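What follows is a group of structures, each given as structure tokens.
Next come two complexes built around chain A: one with chain B, the other with chain C.
Right, the complex of A and B next:
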């Protein structure tokens, strides 16, 4: 519970994911174990070692957004604007009915608008500066999703962007909760990342964390002996967050609350000190006033690299005990969405509470070396009152969030 | 005769290509004396539009040309003034 007594309710979800555009489409596919990972179609991937991605198919921005916005927005912003629209609809909130200064927007971003930026940089070096779009001034920028959502919906309250790779998706939710506690009435929070273009691709390759597998069903295998990196994806989720009491007062449908959060940074390599993920989990549980036994499912970060998987398994077994809590990674169906991953996992956690079912991880044969109760291939019926979502970002960021039913 | 002329049709095409069009505005209506703001174009849209005019027509527009041109008519006049070759005699 917060010091101020304000609890952060989630009242609306907007999902754009490789295995489903729209919350219910995504959720239906996820429960059935249907993956959105495949060979890259956005560009010809032949010359790159990594050739698989979780791409969103069938998204036509012009169907959803005003013509004035199309030339000035990258794909990630178009997806984010639509996800925000859907989240508002889901929350039964019309932003034009609320005072602008009482609504904020806090998103996370890991790379900005790479496809837009690549096109304009190519214009710069092939034709000259006069050929660069004036909109490049902001369309590539980390904060652009927050800015465009703010402008489109007249949201003038506390707003910003968090940049901490995959962990940022939870850090943005935590920042939104801080703003609710300070008196902001509603915050649109979460993240949508999309950088499946050659420039974005080589930037991701530099991490040495990408899977070079060619078989979409065997390329992204966290907690598997064959784990050898992740498949990148695009998309994410935006969540309408409100002060719980105000949400109840307006009769809102409430998915649950963001009850706890913890974040740490790993020690520098070679320091001999332990990684920070366990501490982040303990901080999140303490913040929620929860004990490990209260948690019904863990949504894993699922790096699919042996060392990082081992750290995550050790963390979960140290806090909960061996095979003591169901663990899942539905991101095996979308690829890692960078900042978008954790908000999508939060959406899945709230839907798991609603439908009393834990969505599966797909394709994974759990390694005997990982003493986890991993939910694989088929959904598992189970009452879910409380969930822990983990997200780690490149560079040592660890974040954990506890969500629960209210 | 100017070597070429910058017409309202050119302007509408460049606006649509560079900045898109507001669904609530009929660019094919009588817009010559309508403020760019009322047509849905803010300063950045005009900056993009000016850049595209410069590229296509091989001219250089002063910053003031874009900021002072409040309507399509005034922008057409300013651009065409640059396109007209110096009068002989």
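Right, the complex of A and C next:
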């Protein structure tokens, strides 16, 4: 993969998470183990088996974005536009100062602007086709966040959108690194997802992977004997990625680099072949030129389903040894943010490097069946030079990324 | 590839499912004959809609080898993708079971995912829009696969036995070009040896028709469906929605040659740029598309004069065809007036994310046959569209290098150069 000498530095973070709006708010809450999971407020969830979600509170798009953008955007796009603004600010980059063709936007999406889509489907079927919004054609589709971010910030370089369920967030980061290697100066990359509307909720429940727990502190318990599904959330993170040398030349504060990446898809169900997560990890390590001993922490995918947890534990112990590396899942405080989950974990990994501390997983009582050194309930001070982030998607998508200090 | 990636990527298998007939042969018959496959919509009663025409595929999933279970769980777009991928694999002659599954990947483009399935299931769970709090007890088990269309990539991978990098690329109407470009990059950089890549969309559903009605992007020429798609014609007034899929087997050139594969074309250059202007609007100067073309040609190490045929986006909206014409002049210079340019959307409609891949198939087949497909229904000149658009009738034309472009909502502008691997570089 390192066919060219370009290294992909991360110089800015924009975080919108259920337990914190803005990078430092999120990080402070995450270090303290404060969860953003609660009973759904966006609609009345009484009739549904699953009733908990990681909702972002206190986000008023009108405070951050021009009024003309509001009617044409879904909530997830509003969140993404604000996350991008914050990432630029954090990187101390004014996009208007850079040539447009030298900046790209690469995001992942899972379901597009689904709440917007529900409203327009309802207009169509309850009132008629003339009542469908002129914005529907582009407000719900998967490419909307990349498009709107590029327009708001004058980014004319290579852009893109990937959809690989929850693994997509890492695939977007890898595609961004690819574009840096081809010569693009800066790429805004990551994902912000949200589909907490009744129609999105019903579609998510169909996966049979949602927790039906009612206690926010006991509903999403990966690697726990009580694991019984996950709590979905909304949000994610966008990262400013730049060619390391150019970032250094402008005196940028550098969080670290995206050093390695690997992706696989599990074999067809029933094939009898082994799952692909381990291969993805091995590819990411090899791509980074790292050995397992170099990794200081693993940010787990943490599906909280017995079979998927077992596969993840087996992968980690096979690659690193039993209890040989600290493992954590701060997403137990946000819920799973679909394609936003992995970019948020990357942001947490960079902040863990900065502050020399591993954020905890909350609420989990690690099962003896999982031979992991799980960081639980309290943060753990530790020098972090390299981290491995894992992300898996429905359908068998496995992606792994290695980030490290520079 | 300008030194950074020494590996060259070629197409060795093609599958097409397009309006006018399933399979590469019927597809080429449609194009080379200048036949139009647009008609009054039959999937639902289109009479309440402004635009009532579409290019529909006559598709019998069972006849094409899908099991009852596969048909039940897959949206029509996923069915297109799987059937078409199987055709591409068969055409390549490559023994997939002998490949390292982790070195074989899948990239599928789609602009709107499972929109037909979602539209239909929404009606059920909402009781035709009566319920805000839709009823989960009516939800089908595969609804999640409609919600997140990466299921398309998983279905294709399972069908061909791939376990390497898999994803859906969803950049609106450039998804097809971008998916194939993405896959080619994975082979070039060494992340995969073989990619099954292409795009699919099946958007002919009430919600899609309604949302294009709302912005008058589609044509209201309902009285003459066969001649409704009129790219570059002075009377054009919007695009005709289409559906379909095209999927390719991509390999590294050296290994394709070693196994004696038929090499259709090299993916010699590819680039995408954004106009950063408007989600649906285009600036008339075509600057960003021109830049994508310039970079794609540079990557292919070809001069503009080496382009023998331009496969246009040519959607048939007023603004697109003007924008694109300007982009060709800006990037190709005087050669823009000499090179044949055509839009197959005049015959097979605009299948959103799929069409970019279908147009790669058309470009490749043009090289294969030495025939440039025409722009059907082009009779009335438009002074703003003053290039050689190959009106009405296909043209025999030896072709070694093709430029295929796409433009779409979100501002994405993409360009791909397909060429014979043994062409002479500039």
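Just so we're on the same page, the second predicted complex is superposed on the first by the 405 of 406 C-alpha atoms of A that agree within 3 Å, B and C clash if a C-alpha of one lies under 4 Å from a C-alpha of the other, contacts with A are read in each partner's own complex, and residues count from 1 in each chain.
Definition applied: contacts are C-beta pairs under 8 Å (C-beta built on N, C-alpha and C of every residue); 3 or more make two chains touch, one makes a residue touch a chain.
A quick note: this is a predicted structure, and the numbers were derived from the prediction, not measured.
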Combined model on chain A where chain B meets chain C, clash or fit: fit
Contacts of A:147 with chain B and chain C, given as first, second, both or neither: second
Chain A-centred angle between chain C and chain B, computed on Cα centres after superposition, in steps of 10 °: 60
Touched partner set for A:137, first chain B, second chain C, both or neither: both
Chain B versus chain C, judged by how many residues of chain A each one touches: C
First (chain B), second (chain C), both or neither touched by A:165: second
Which superposed partner A:66 touches (first chain B, second chain C, both, neither): first
First (chain B), second (chain C), both or neither touched by A:122: second
Overlay on shared chain A, then closest C-alpha pair between chain B and chain C (Å): 5
Footprint overlap on chain A, comparing chain B with chain C: 72, 130, 133-134, 137
In the complex with chain B, residue positions of chain A that touch it: 66-72, 130-131, 133-135, 137
Chain C to chain A touching residues, read off their complex: 4-5, 48-49, 101-102, 105-106, 110-113, 118-119, 122-123, 125-126, 128-130, 132-136, 139-151, 153-154, 157-158, 161-172, 175, 178, 182, 185, 189-191, 206-207, 209-215, 217, 271-280, 288, 291, 408-412
Footprint of chain C on chain A - complex, ascending: 1, 3-4, 43-44, 47-49, 72, 100-101, 104-105, 109-112, 114, 117-118, 120-130, 132-134, 136-138, 141-144, 146-148, 150-151, 153-165, 168, 171, 175, 178, 181-182, 195, 198-208, 263-269, 273, 276, 279, 338, 393-397
In the complex, chain B residues that touch chain A: 16-23, 40, 44-45, 47-48, 51, 54-55
